[in-house]
Amino acid sequence: MTYKAGIVGYRGYSGAELVRILEHHPAVQPVLLDHRTEDGGRPPIRHASHPVRLHCGPEAIKNEGLAVVFLATPPEVSMELAPVMLGAGALVVDLSGAFRLGTPENYMAWYKETHTQPALLAEAVYGLPEFRRDGIPGARLLSNPGCYPTAANLAIAPLIQAGVVDRAAGIVCDAKSGTSGAGRKPSLKTSFCEVTENFSAYSILRHRHVPEVLMVSGIEDREFSFTAQLLPVHRGILETIYCRTVGVESAEDLLAVYEKRYAGEPFIRLYEPGHVPDLRAVARTNFCDIGVTFDAASGRAVVVAAIDNLVKGAAGQAIQNMNLMLGFPETEGLL
Amino acid sequence: MTYKAGIVGYRGYSGAELVRILEHHPAVQPVLLDHRTEDGGRPPIRHASHPVRLHCGPEAIKNEGLAVVFLATPPEVSMELAPVMLGAGALVVDLSGAFRLGTPENYMAWYKETHTQPALLAEAVYGLPEFRRDGIPGARLLSNPGCYPTAANLAIAPLIQAGVVDRAAGIVCDAKSGTSGAGRKPSLKTSFCEVTENFSAYSILRHRHVPEVLMVSGIEDREFSFTAQLLPVHRGILETIYCRTVGVESAEDLLAVYEKRYAGEPFIRLYEPGHVPDLRAVARTNFCDIGVTFDAASGRAVVVAAIDNLVKGAAGQAIQNMNLMLGFPETEGLL
Amino acid sequence: MTYKAGIVGYRGYSGAELVRILEHHPAVQPVLLDHRTEDGGRPPIRHASHPVRLHCGPEAIKNEGLAVVFLATPPEVSMELAPVMLGAGALVVDLSGAFRLGTPENYMAWYKETHTQPALLAEAVYGLPEFRRDGIPGARLLSNPGCYPTAANLAIAPLIQAGVVDRAAGIVCDAKSGTSGAGRKPSLKTSFCEVTENFSAYSILRHRHVPEVLMVSGIEDREFSFTAQLLPVHRGILETIYCRTVGVESAEDLLAVYEKRYAGEPFIRLYEPGHVPDLRAVARTNFCDIGVTFDAASGRAVVVAAIDNLVKGAAGQAIQNMNLMLGFPETEGLL
Amino acid sequence: MTYKAGIVGYRGYSGAELVRILEHHPAVQPVLLDHRTEDGGRPPIRHASHPVRLHCGPEAIKNEGLAVVFLATPPEVSMELAPVMLGAGALVVDLSGAFRLGTPENYMAWYKETHTQPALLAEAVYGLPEFRRDGIPGARLLSNPGCYPTAANLAIAPLIQAGVVDRAAGIVCDAKSGTSGAGRKPSLKTSFCEVTENFSAYSILRHRHVPEVLMVSGIEDREFSFTAQLLPVHRGILETIYCRTVGVESAEDLLAVYEKRYAGEPFIRLYEPGHVPDLRAVARTNFCDIGVTFDAASGRAVVVAAIDNLVKGAAGQAIQNMNLMLGFPETEGLL
């Protein structure tokens, strides 16, 4: 059986990636939904076939029978569209930060805006399958995790849960992201001449993705130092994570924690001791790759986690979640 | 004696390069002129000294005693400001296309706008010193050449003037420019994610820089095929020029044409036969480097010319022109 | 039915691309063949499954029942291995220049080496399916085209064959390639610091890929000016081609020549008049994209053709050829 | 009075930068010294004047009257050449790691080689002027600091010396370097196709630059977690440093520590609270730029320090040291 999935924001980098992946999905067909005016997109190739394109509204959902709608839109647009799409009978997968933080207070604290849909916020399921798989199949509104927290939680949460981290000494997450993470809207900050041959840090200790890590990994703000940094690459996130361990004697011990936690997980790959992933290893895949380095004399661990910010950090994970919501194999269209 | 030079558009890439070069010029001091609101610029470094910054208007010229004003502005702003600056007693060096094409008709044909200052257009001196040096010292309004035509004319005009080109067979100029050539204003076309790992052609056969080549090199539009292309680099222009020759027997013959024409020129460098410049050779310099390859069997020549689009293609040449206008050595501040 | 395909040179960029594509091919399974020592390759990911890896020799062909062997090796290695692999019963697809030029004299003229397998050279089929499809299914030894000539011939040959080019005026092909075209062997020329923020021309008028264009497009050396240039990108070739036309009145006329010639071709895409492809459009695909610009007043045409040098310019086309040789649909594993 | 300075290893990136800077130094003239065969270097530009080039040996020192010799060579070559150059009467500035670590045992521990010049190792002065200025004027053998430790010590040592760091909680230094830091010798790791669109960590917790930080900043290995990472840029180092503070109430407090320590330092620039440098800010300069972010609730500080690895991290600092050794103003040729 084939389903149709609407995509709002299909011009953006995450939205375009959703279209690209769904065009190869065996059971779900993409439909482009225009919210307000959108500029031109694909090049004018003769005889090319493109996905159906409709005005974004309840009629499109009903007439086309869209099973699910992806919102690859800013938070304020997601808050506006989510109730409309749900009301028209579609499941919603939201890729913005609108429905990630659980409470209006938390949203206000980090996004500096009033949340206009508190009931939906309470209902939304945070879709990090490796940690919240059970709640996803029944979700009406799925909140897709942020790109930085996806890698951070996949690297940190197993260690916290296994009790091997000296939390009092703090956890440092030094994160680097490709420029597509800043979105497709033109800005000086993401202009070629400003980014090439450059590297810069931003939102140090105050990035709005921080609360997602606190929430999933179960740590306190004061224990978690996070820096976001802009790499002169198109796509990819690499996070270098530093902590002190308790009860760990070797890199192999640490890897055993991950191996146990992630047994059977299709999208987690672990590296042999002393080896760590680079961006290249995960480009255009839905994998999160994890490697560890350990100093036995001091108990210090350095964990390197890498994802493609547009795939496992956005569109790929959104489709992983959609697969779970619609009852498909979790990896469908993603390998 | 020290002069002061005003710079309008000092946030733009050419304008910032003017400031950078003038900060090291022994006899001219930069003054920033604000035309409308400009966003912040330099990083907030403690105790840093910055050039004086004033509102752009006749008072600034008079009160500060500005000898010259550089307009690193769009053509329509240059047309608005040039008469004001001249009226207040300053010399003007305009880096836009506003005063390059000689007649309002020519301007309309290529810029698709009415020229609002035809008298100044007629008066303006086209500042390619290697070909128009005599007219520059007495100029009130100096029109600084476009980046692409600077390299093209320096490579093509000597061969045309020496009569060694088979014009009927046509001259091809395949030009590649770094992204700073498109200016600092954010746009999707110059966004990092659109430019990196990409390469694209634009304005094929119709670029508005073409008439400057026809004018200086003395050839017809139908004889000159020009393509502009966007390189994923910050700065630099490389042009690969193809023609058929008459009366040339070797690469050495071709180089002899250039050597004769450019004897004593401080900013032209020629390469040994078979060697050609790359972008790196001219980065951050005011040089135009030229190399030739020749096929004796067929008389075909390929000339490669390289400049830094922000230096010899913009700010450096503007200061070279200013040096001539103010009576300084031509190379002052540029070596 | 499933076949096995051996790959020699699987560490190189073309070889690795062959492995990547074949891992997703529904009917052909890659087997890695080690010729001499090869360095380590994939990262040490736990529990990862890798293709079978064998010593490269006749036993591997026979014991494993390899139907075909890809030689992603330098010409001298291809000349050494091709007879061995053929003798052991495998079909051979050679990605080097060893078997492209038809005669030992031609090979000597451009590669400056004696050809050691003249009989195989005479037998080899040049595998540009869009122009030589009929000969491919029965070939034992398939010579895969060079990357530059693939784009050049696909853009030029239809126009020559339709008689719309003024050959006397010459055809210029200004070609730009990503750095992977220079291979994976470390060299100063392809070091990051030498390539980034740079652009350079090489082998002007003398590139060893030229004779493939003369051969397929049916033109003379003196009519064809070719420059190869190194782009600071990983992959992709864009060629800007200039010619004067006869009997052409519009861009649409030119496109009609291509449309007629390429009707039904699965890997050729044409652009609407005035639009041309960029590198991005073809990255990681087996497409050759073609767009034209035309000046009616002078009859000048500029054709832009783009391919991914590692796919349509190497591994993708090699698998397209393999599909034809083994009787699979031509697009199998390539869309 | 003018001095002559010899440069061994002038083809390498640091060596070429030494030549470039000295060509503009008002009082010191570069002389190229060939140690073994060196490949060609500068492009074949006609009529270009190049520095004198001599065989590297005691005769060159004596005959040319070289006051100082820069060794931009690997450690083993520096150990071989330093005694020869000193013996011939030149001062020596060594840019390798050969003479940085004080004792043969320390050298063996981090470089895994026997030190062949223990007496010179004991005599060498570690040339970080901001911390060791007094010893530099009288030095015969100056050991120029590593690139990573230069930025790390300039950022960390003032805080340690002021007693504001909670050393028990550890200090994390997450360092990112441009690819020129790996040298000019071709290798797969620094090939364009491996570096572009990639980012990778190496020598985690075990980099041989670590002991220089321990030595200057006065901390223990177990307190200092250092990761080196390769950026897809040509030049520049940015280090993100995390620590917990004691007795600090604001970013301004932290900046006051730096302001006091660095009063009058010509090459240190501090940023306003909440602002941090990027790579661009220091490119092609001898500055070390420092900015801080502070979280008052938890006492956590994040310090960002940036330098150009080839200037303040190598050639610029070497010339700063030479200026002190020869009695010139410290900034001569460097602003």
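Which chain is which? They are A, B, C and D, in the order written, and residues in each are numbered from 1.
The rule is short, and it goes like this: a residue touches a chain if its C-beta (ideal position, glycine included) is under 8 Å from a C-beta of that chain, and two chains touch if they have at least 3 such contacts.
These numbers come from a predicted model, not from an experiment.
A.B. asks: Would you mind checking which chain's C-alpha centre is most distant from the centre of subunit D?
C.D. replies: Of all chains, C has its centre farthest from that of subunit D.
A.B. asks: Looking at B-D and A-D, which one has the bigger number of contacting C-beta pairs?
C.D. replies: A-D
A.B. asks: Using mean CA coordinates as chain centres, what's the gap between subunit B and subunit D in Å?
C.D. replies: Roughly 37 Å separates the two chain centres.
A.B. asks: Could you give the separation in Å between the centres of subunit A and subunit B, each centre being the mean of its C-alpha atoms?
C.D. replies: Their C-alpha centroids are separated by 46 Å.
A.B. asks: Distance from the CA centroid of subunit A to that of subunit D, rounded to the nearest Å?
C.D. replies: 39
A.B. asks: Going by the contact rule already set, what residues in subunit B reach two or more other chains?
C.D. replies: Residues 194, 196-197, 232-234, 278.
A.B. asks: Within their complex, state which residues of subunit C touch subunit A.
C.D. replies: Against subunit A, subunit C makes touches at 43-48, 196-197, 255, 259, 269-272, 275, 277-278, 281, 289.
A.B. asks: Quick one: which bits of subunit C touch subunit D in the complex? Just the residue numbers, please.
C.D. replies: Spelled out, the residues of subunit C in touch with subunit D are 13, 39, 178-180, 184, 186-188, 190-197, 232-234.
A.B. asks: Residue numbers of subunit D touching subunit A in their complex, please.
C.D. replies: Result: residues 169-170, 172, 174, 176, 194, 196-201, 204-205, 221-222, 225, 227, 229, 231-236, 238, 240, 242, 244, 276, 278-280, 283, 293, 295, 297-298, 300, 302, 304 of subunit D touch subunit A.
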